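Chain IDs A, B, C and D follow the sequence of writing; residue 1 opens each chain.
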């Protein structure tokens, strides 16, 4: 409750897109353009389920146990893997709890919404950063353009 | 005591009416301090509510509206003191109105400022109150114009704006006169507010026109505002709220309580600012007659409202009726009838008993009675919902009581500050019309 | 207001969800009440708050006694949001936080709600409940939270949603399989739990659905229909 | 288990803390038992399990999705090794329980208690690991101890006592028939201790005994409510707290409205307006303990009216006994108007599908008599083994424990082992449990939450919650051989251990060979040939069809011979102890059951069907008595028996039988977590030590009490205080 009050006080200040400090500099471009991985190779359920999922460290280590082990970022990765922890990735997309949004990737993929519509040009992104600013207006505009439902309960329940 | 203050020399009038601006007694400071502390306490209580949630009130299921809404309707009602009276008198050119109008208009503005806060205070998430305002936003969302609460917001904002202008316009000539005040900050304030008033014929003409026009508009707004407040209730389907005559009933009640507030304010000003020469018995006499009329009208409405419920004998409405007349709220109901009808009619209807003192006594009664009336409209209906299983009880918590007390303190505080900054009676209205008579 | 386009453009008619409660089967056991709590992350209060009338149930079982000993009768009636077609709560909300969706659900949008209470006052069934405080979930109770249902903060109104999250899941899987939603496939938590199978849920727009057939039963009544609210919960009276 | 010593769980962290902790140092995730790639957010998995909120044995499906909690663990990273670090842990969590549609008890349905049992899994007051008493016994001061040490200490103690007097090791448990009680039984046998005793007011011993005596059936008879047309239920709140509420409520729904043209008619005779009485078309308010007389009168009237078509199947001695009853005296004893009673019996007799269903929701000293009488009446009506009648129980896959004489066992005991039993709560003060617990050399408890009795333990070795480990439960009533099976599909939250494993560890520590039977071992001999165990696990149990080799063929008319002599069938008047003017009638709360679920806030906040009370349970007083004594709803009153007194809030119940003070169980826990401790009063506490003679079960309805008003109180919290639908002000 207190938090909301502060939010209200800060409401006139426009919030810039979060620049997440990622624990490891993960270059999407390398993985997509050079290694030719598809989005769903790592975000395994992006096309079918609600959540796209962020791959676990074991997935990274499948390749990086052998590949590019000499690079400093990969050394960091190996260190975390050795500690028995997960990589503390900062989520760059998501909805605050107060927004009460139930977003599902599945239907969007099924209706052929390209990943880039919401995630921007990830193939050329150097790090995991938000490239597209999301707000309710973006969702609604797209929904209306594509004749998808703009019933509030489509997303909020 | 002078029967006709207009006959006093203008210089004395000016002296009398500007005097309170430069001198403040210890009583003034004491009252201001006490009221200020009470307002702070109220703000603290509100802070607690914002921090912890509406659970700190006595509200529950199904009594979702309580003291805050009662206070809201009450203060909006009080606000009818100024506009209605001053506008009617101004439009009818009643000569005796001169010393009354500004005191009344100030009540309107302050009561509105206070009353207008309550819908925000009672929100579950007060920090999102601005979602009721139609403004373009990234969510592509608009408020629901079908909701009486949105009408309310529009009506009250209009009313606040209108009455602020209405209070301000007649202040301009006085501001110009006060421009020569000795304290620099005051001089600056008055000069700014006077908008460069020179007193030319063109200006006088424009001002007269603006005031007349404003009076007509504000009259319509005032009536509509309280009608809309009544519609918050009557547009719902809750038993006894869904009444076609709540609009006029609320307007009458509002004017009734407004007059009560005005009489008390007038008597206080007369006593404390030594305005015995200006606020004379005739004013109180006239106001008493007005109050008497409203008391009769109020009784007529209350009776019509209840007799139709009783005769109709609709079970759900009778549940509320029973609560009011015979149940948990019977004591307060009959108290209300006594203080709103029996006492005013006796004290003010019998000519021998009518005096400034009895008018003030009756006014206090009416204020209490009208507050009770709102309580008796809001709460008994909610504690007796249509499905008996949801029946509940309500008693306000300390937070609600503190905030209520604080609003009364805020009213007094605002009024005291206003009376120190601005002449409470329009001085220029006493100014002789021929320029030769000016000193 | 949302313009209310259809969720499923391929379907001729949108669903119109409704429920039938057979009071001749209902035993008043309140399995539905707890099922509703478990499904919908409804906050539990405490004895002090309960004494103040702040117990939060989206579905309650009204119980009334009739007559005197030994001829005492007890009436139990599960009361939940009736999802009225002419819902009195909807027009009064100043921010459109409650509205009718294309599937006939009376939706409460928590994130939009500012808490004017007007909807709750105007609900003749008193089925809306309010979050008086931010709900508290002592560790590890949060593990039970249904991720399909938003946690409501303090200050917002909430009520029965006909388990919209379950409707969405079924519709989603039907959509993914390009098939229509089968009758009985959607079951709100209360309906699913009811041991006596007193509650039936389904599409009132489908004349062959179980709920439509039962709603046409001779024992069918609606609660306070005289108010013109057009409820979508149908009660089958106890046979005598 | 030592591995899990690594982390201890933060008890103060709330969901809010989890929600706002994003972006802080606790954002690190560690994968534990469930690899996160198998746990996709938003994807639900359904696993079969069994509900253990009561012994009915409802098969359930658990909805498992991802959850999050914050844990503290000792870092293993080199730079910070040894320091504790806070981590966010993702884990599979049970979100909801639903009935398993393949299960024949629940049939996909579940009651309030079952729905709430997830809350006992995620109860904030669960014990985090083994605890050792640190203060005086009974003071409930404990300190954590490692499993290794705890097992060592416990087996030492048990070994010592075993050597001196193995027969004085008392194992006290609940009435369930499951792998846990089976392990206890095996353990007792292995260490030479007496068979575990059952401590419960809901063990249905009278029902079992009567079936054995009257019909020679082992187990609880199965009533085919679905196919009956007219039911007369006597003393059994079968929709509320009786043997298998979900199963019987399912049957009831079908009985009422599943057949076209036929609507089942229910007449219910009980000394309380229970939810069964409320659902009934007619309620016959009995005087407490007069069920036997009532049923004798029913039989006699049926015979008199020639409405007993199968009277010939009843042994002549029994028939003679029925014919010899003084009908007027019987009717007078029931307290029911004669005309009304005769009408009810005639309706029953004239029905095409009559069924008498009797039980002892309130146990009296003559409860077995009453139920035997009901079986005799059913015999007369030709109901034994017939559709719409009373069916023989199938062979139990796991035999329940039946010895209810726990008070005797405890009073002798040198060592006490408590599992799923809370004798300090369940037994009256007059049973001197506290003294026994004080006197015993060693008290061991397997409680998951510190309860009244576990507070007296020397060692607590907390068990897994039943949803955390493997479990098989034999349903309390079934007409076919059945077993409900649950696997371990969520990681145990804390350092707990399944009871069979703990017992095995203890046995090992005592150098005794003991291997607890697994569900598979129990089930395999009972399984039909074509039913592989994997299918059973996947489906959550099995329900063998009749005619399969493992199922005993239903005995045709086994009953007729079973009623050995009229001597076993006589109607003894119920005996009452004490000298107050009122009869105290404690009953199983439809929500809190026997008080073992009082720590679940969902159930505490679920209004009591009679009084609408939440977080409190009142004593129900009839309006006439209340007026006489000047008692209003919400007043505090004192109930005083010969052995003690309790103070409770009063509820003026419009349907209470005059002279009977009914009170639901659930209040009065001294220790039972934050939601139950110190709330309300326990009526069992002041019961006289009276027993049902044939079973040795505590007669819960046999105590007389005095009632005095203390004054206004605030303890009765009602969700809805209004009893009447129409308001008094509604009409002029």
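Everything that follows uses one rule, which is that a contact is a pair of C-beta atoms (placed from the backbone, for glycine too) under 8 Å apart; a residue touches a chain by one contact, two chains touch by 3 or more.
Keep in mind it's a predicted model, so treat the numbers as computed, not measured.
> Hop distance check: chain B to chain C, minimum number of steps through touching chains?
Minimum step count, chain B to chain C: 1.
> Central chain, going by Cα centroids?
Minimum centroid-to-centroid distance belongs to C.
> More C-beta pairs touching across which pair, B-D or C-D?
Most contacts of the two pairs: C-D.
> Find the geometric centre of each of chain B and chain D from their Cα atoms only, then give the gap between the two centres in Å, rounded to an integer.
64
> In whole angstrom, how far does the Cα centroid of chain C sit from the Cα centroid of chain D?
Once rounded, the distance between the two centres reads 31 Å.
> Taking each chain's centre as the mean of its CA atoms, how far is chain A from chain C in angstrom?
Computed value for the inter-centroid distance: 34 Å.
> Would you kindly tell me how far, in whole Å, the mean C-alpha position of chain D lies from that of chain A?
Chain centres of chain A and chain D, defined by C-alpha means, are spaced 49 Å apart.
> Going by the touch rule set out above, which residues of chain C reach two or more other chains?
Residues 55, 60, 62-64, 96, 112, 133-134, 148, 151, 153-155 of chain C each touch two or more of the other chains.
> Which chain D residues sit where two or more other chains touch them?
41-42, 612, 720, 722, 724-725
> So which bits of chain B are touching at least two other chains?
Within chain B, residues 52-53, 125, 128, 141, 388-390 contact more than one other chain.
> Chain adjacency by touch: line, ring, star, complete or other shape?
complete
> Mind pulling up the chain A residues that touch chain D in the complex?
Per the touch definition, chain A meets chain D at residues 3, 44-45, 49-51, 53, 55-56, 58-59, 82-86, 88, 90-91, 97, 104.
> Which bits of chain A are touching chain B when the two form their complex?
1-2, 4-5, 7-9, 135-137, 140-141
> For chain B, which residues are in contact with chain A within the complex?
Per the stated touch rule, the residues are 50-53, 125, 127-128, 137-141.
> Which residues of chain D touch chain B once you look at their complex with the stated criterion?
Residues 612, 720-722, 724-732.
> Per the contact definition, I'd like the list of chain D residues that touch chain A in the complex.
Listed in rising order, the residues are 19-20, 22-23, 27-31, 35-37, 40-43, 75-77, 87.
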